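Okay, so chain A shows up in both of these, paired with chain B first and chain C after.
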Partner chain A sequence: MPLWKLVLLSLSPFVILSGCATYAPPRIPNAAGRPTVYENPASPGAVTGVGLESQDIVSATDRMVRDILATPVIAARQTPPRIVMDSSYFKNESSSVVNTNLLTDRFRTQLSRAAGPKMVFLARHYADMVEKERLLEQEGIVTEGTQGRTKQAYGYDYRLGGRIASLDAVDVRTGLKSRYHQITFELVERGSGVMVWSEMYEFKKAAWDSILYR
Partner chain B sequence: MARRRHWLCVLFALLLAGCATTTIDEGPAPAVNVPAVPPRLNTAVIVDKSLQNWAGGEKDKYAKVAVEATNSRRTPTGTLEVWAELRNRTDYPLQVEARVQFFDADRSPVEGPSAWQRVFLPPRAVETYREFSTNVYDVNYYYIEIREGR
Partner chain C sequence: MADVGVNAMHFGATSEAKEALDDALTIMGGTVTSPELFNSIMALGGAEKAKVFKGEPHERALCFLYRGLLYLEEGDLDNARACFKEAELQDVRLEGDSTVAGYWLSLRCLQAFANSLDPYCAQMDFPADIPDGLAVGTLDRGDDTVLLVASGLCPIKIQEEVKKGKYGLSYRPLPSDVGSVCVRGTEAVRQDGADLPIEAKDGGIPVRLMNPTEDIYIQAVSRGRREMDKVLEAKKRRALAAEGHATVGETVAQVSSQFGVWALPVTVVAVVATMSEREKAAKADSVADLRQLSSIPGSLYVVFLNSSELADRKVRLEALDPGGRVLCAREVVIPKAASSRPNVIVARVCR
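Moving on, here comes the complex of A and B:
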């Protein structure tokens, strides 16, 4: 057999197999992405201090939602309970500047979405809106809605109360500041005043930088 | 001579077959799917390389935190409670954050991931991360992710 034929025959398996490209995932350009002004509210951002921040609000309300849904007294009732969940009785007694509606609004919206038909939420913070429309209907200025006329607004079974408290400490030599937060959420039964659910979220932070909270 | 030219053409064609490529030089490209590393459900994983690294040689591998056990059970209301026991393998206090994602029987995500919850691990100590689902009957699997606390 001529030499060139011998070379061709011996090399041909390799060149054929080289066409059977094996899958190798594309290489990973291991570098940070493009800078953006958007930050994840569930994680600390570029500006962090010892105060109550977005990640604390997200974590606290998330834990409360999950805990309430695992509480049989509230989540396993035969008749869905009526709950008022707003900031009327949720006080900020801490040294952190925070709008308490951030906590109660997030808690209410997340819980109402997750609970579905198992709980009924009453919008007492919109009571004046409801009452104004009722008066217009009674005076004949507007018609009933598609669900007919309701005689009166519903009373609630449970109402949210709670508070945010804090404890501060400062090292005057170094300027290191620490703050402990304790956020308490409670559901109180109407009439009896029994506290049917209570949960607390606490954390402590220490930092040197002075951050201005608004 | 003609037969030699014929065999040379065959050889040339075989050589070119080895130059097959699927590179797309322009336009949108399909997303990468790495079938060898799908998320393993009903487990806890560590996503931070600062806590655990399995790449490289034996001397490059390390793990500061061990996941001793992970399991789940139903609560009286039907939600799924999951937990992971974490052990700090170092002589230093560690802060980790954990979150969980829940999936249904078809391995489809049923709710968004839970918020990151912080777990403090004293030196050489064991702590438990525990979380509940919000869904009741659609939850069959969970996937716990652990990262270093920020």
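Moving on, here comes the complex of A and C:
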């Protein structure tokens, strides 16, 4: 066989079988770290998921503050109502782990600032602190405060209750995870049990996990 | 951090466990989207182990379970339940065309326990039917103590040919000496090595669980193949094809070298082509991510108790071999639980 034919025959398998795939060596992430930066709590951060996050808490409480200020039964009373606003009756029934104090504390502080003298907030979560001081005063160990002696702690007119609930959906094939949250805030009148105000904040988040994790 | 957290739980270091598990669960519970990493792994020659390690679904579920136990201990029933629910969502699987949550008996029982402690929750929702091969202690309203015994070692991850031409991640169980777990009162202590009869009662002690509440190996393998395994198969096929080309090249080089100087160019080309194909084969052959949590147990046993019904506030916890002989035993003090804070006791048997 001529030499040129031998060369051609020898090379042909490599011509046919060689693909067009290019090889790129894996890039090992070797980025330098990042110094601490402050992020806006009202916007999504670097770490995300489908659970409750800071921007959800900010949005929910801001909306509740606006809504309650627009409710005449509470905001336009002649005598400022006394309100207890804490997490004692705020339940988390969702699949997101969250400290419910984040919601109730932000709601209370924002509303207190916005409402000014139109609403009075009772610190029932500090009741033991108040009671200890009262006992010390009664025993004569400490003097009265500058506002004189109060006979007893105030009762409330309205108390906050609420719930966080969620609904999950996962698609294993596409890696899609979605979670619907419904956060309900309600003010209940003492004695009668009438719900004088009720509002809900709902949102749904979806994210796709990379195929690496499906 | 997940390993640190789980180990800390086993050693009773709850504050360290909380910190470590919170860090780990921030990543495990999040969504990782990194286009650059994805492209480098999907390209030929990428290694799956370059991905962020989130743990396998059963590992993530266990981490959420342990974190939920910590919330239970603090009396935060809502967040404990949220952890147990999130744990079940980590292990979602495909059954036919439907996506279903994995069945974790331990998680459902722990949710029922949290419900039983919650004055606002009317239904406990304790699982009515216990699957074959599993067992759990009974739960009554008024039970304020959960005892979780972790035994054995986690299943080992391997990459293997699971079926002809199909490669992927698989598991091998590690055998454990523990066949059953018994919780009894301290007054019935074994003497002279005699085996005391155990009468399993409905409620109260002694309680003997003849099967685990959770078999981690079954949880690991019952999820089925991963989507990533299909990518690994494609890479394996390319690697085998490139290996075949290299073999052809070697043969050509050997044959043509016998023709002496006249076949020198052919030999050189064949050798160069062989080396090139071997390099492609090596880099196309990708291995499944074999990283795993080494601290998770192979089995879990869950028992519920009422601390006010225990004599001397103590129980004797025994790990028995399949023949009923005691492998190891320990007396555990069970304090009277506070009204809103149950006792959570985690025991680790490393056999």
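To be clear about the criterion, the second predicted complex is superposed on the first by the 172 of 214 C-alpha atoms of A that agree within 3 Å, B and C clash if a C-alpha of one lies under 4 Å from a C-alpha of the other, contacts with A are read in each partner's own complex, and residues count from 1 in each chain.
By our rule, contacts are C-beta pairs under 8 Å (C-beta built on N, C-alpha and C of every residue); 3 or more make two chains touch, one makes a residue touch a chain.
Please read all numbers here as calculations on a predicted model, not as lab measurements.
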Partner chain in contact with A:Arg173 - chain B first, chain C second, else both or neither: second
Residue contacts with chain A in the superposition, chain B compared against chain C: C
Touched partner set for A:Ser192, first chain B, second chain C, both or neither: neither
Partner chain in contact with A:Val58 - chain B first, chain C second, else both or neither: first
Touching partner for A:Thr71 - first (chain B), second (chain C), both, neither: first
Partner chain in contact with A:Thr79 - chain B first, chain C second, else both or neither: neither
First, second, both or neither for A:Thr36, with chain B first and chain C second: neither
Which of chain B and chain C A:Trp208 touches, first, second, both or neither: second
Where chain A meets both chain C and chain B, residue numbers: 11, 18, 21, 25-26
Of chain C, residues touching chain A in the complex: 26, 29-34, 36-38, 40-41, 43-48, 50-51, 54, 67, 71, 78-79, 81-83, 85-86, 89, 92-94, 99, 101, 120, 226-228, 231, 238, 241, 245, 248-249, 252, 256, 259, 262-263, 265-266, 269-270, 273, 279-280, 283
Residue ranges of chain B touching chain A (in the complex, touch as defined): 4, 7, 10-11, 14-15, 17-18, 20-22, 32, 34, 75-79, 81, 111, 114-118, 131-135, 150
Chain C-touching residues of chain A, taken from the complex the two chains share: 3, 6-7, 10-11, 13-14, 17-18, 21-29, 47-51, 91-100, 168, 170-173, 175, 177, 207-214
Chain A residues touching chain B - in the complex, by the definition given at the top: 4-5, 8, 11-12, 15-16, 18-19, 21, 25-26, 42-44, 55, 58-59, 61-63, 65-67, 69-72, 75-76, 114-115, 203
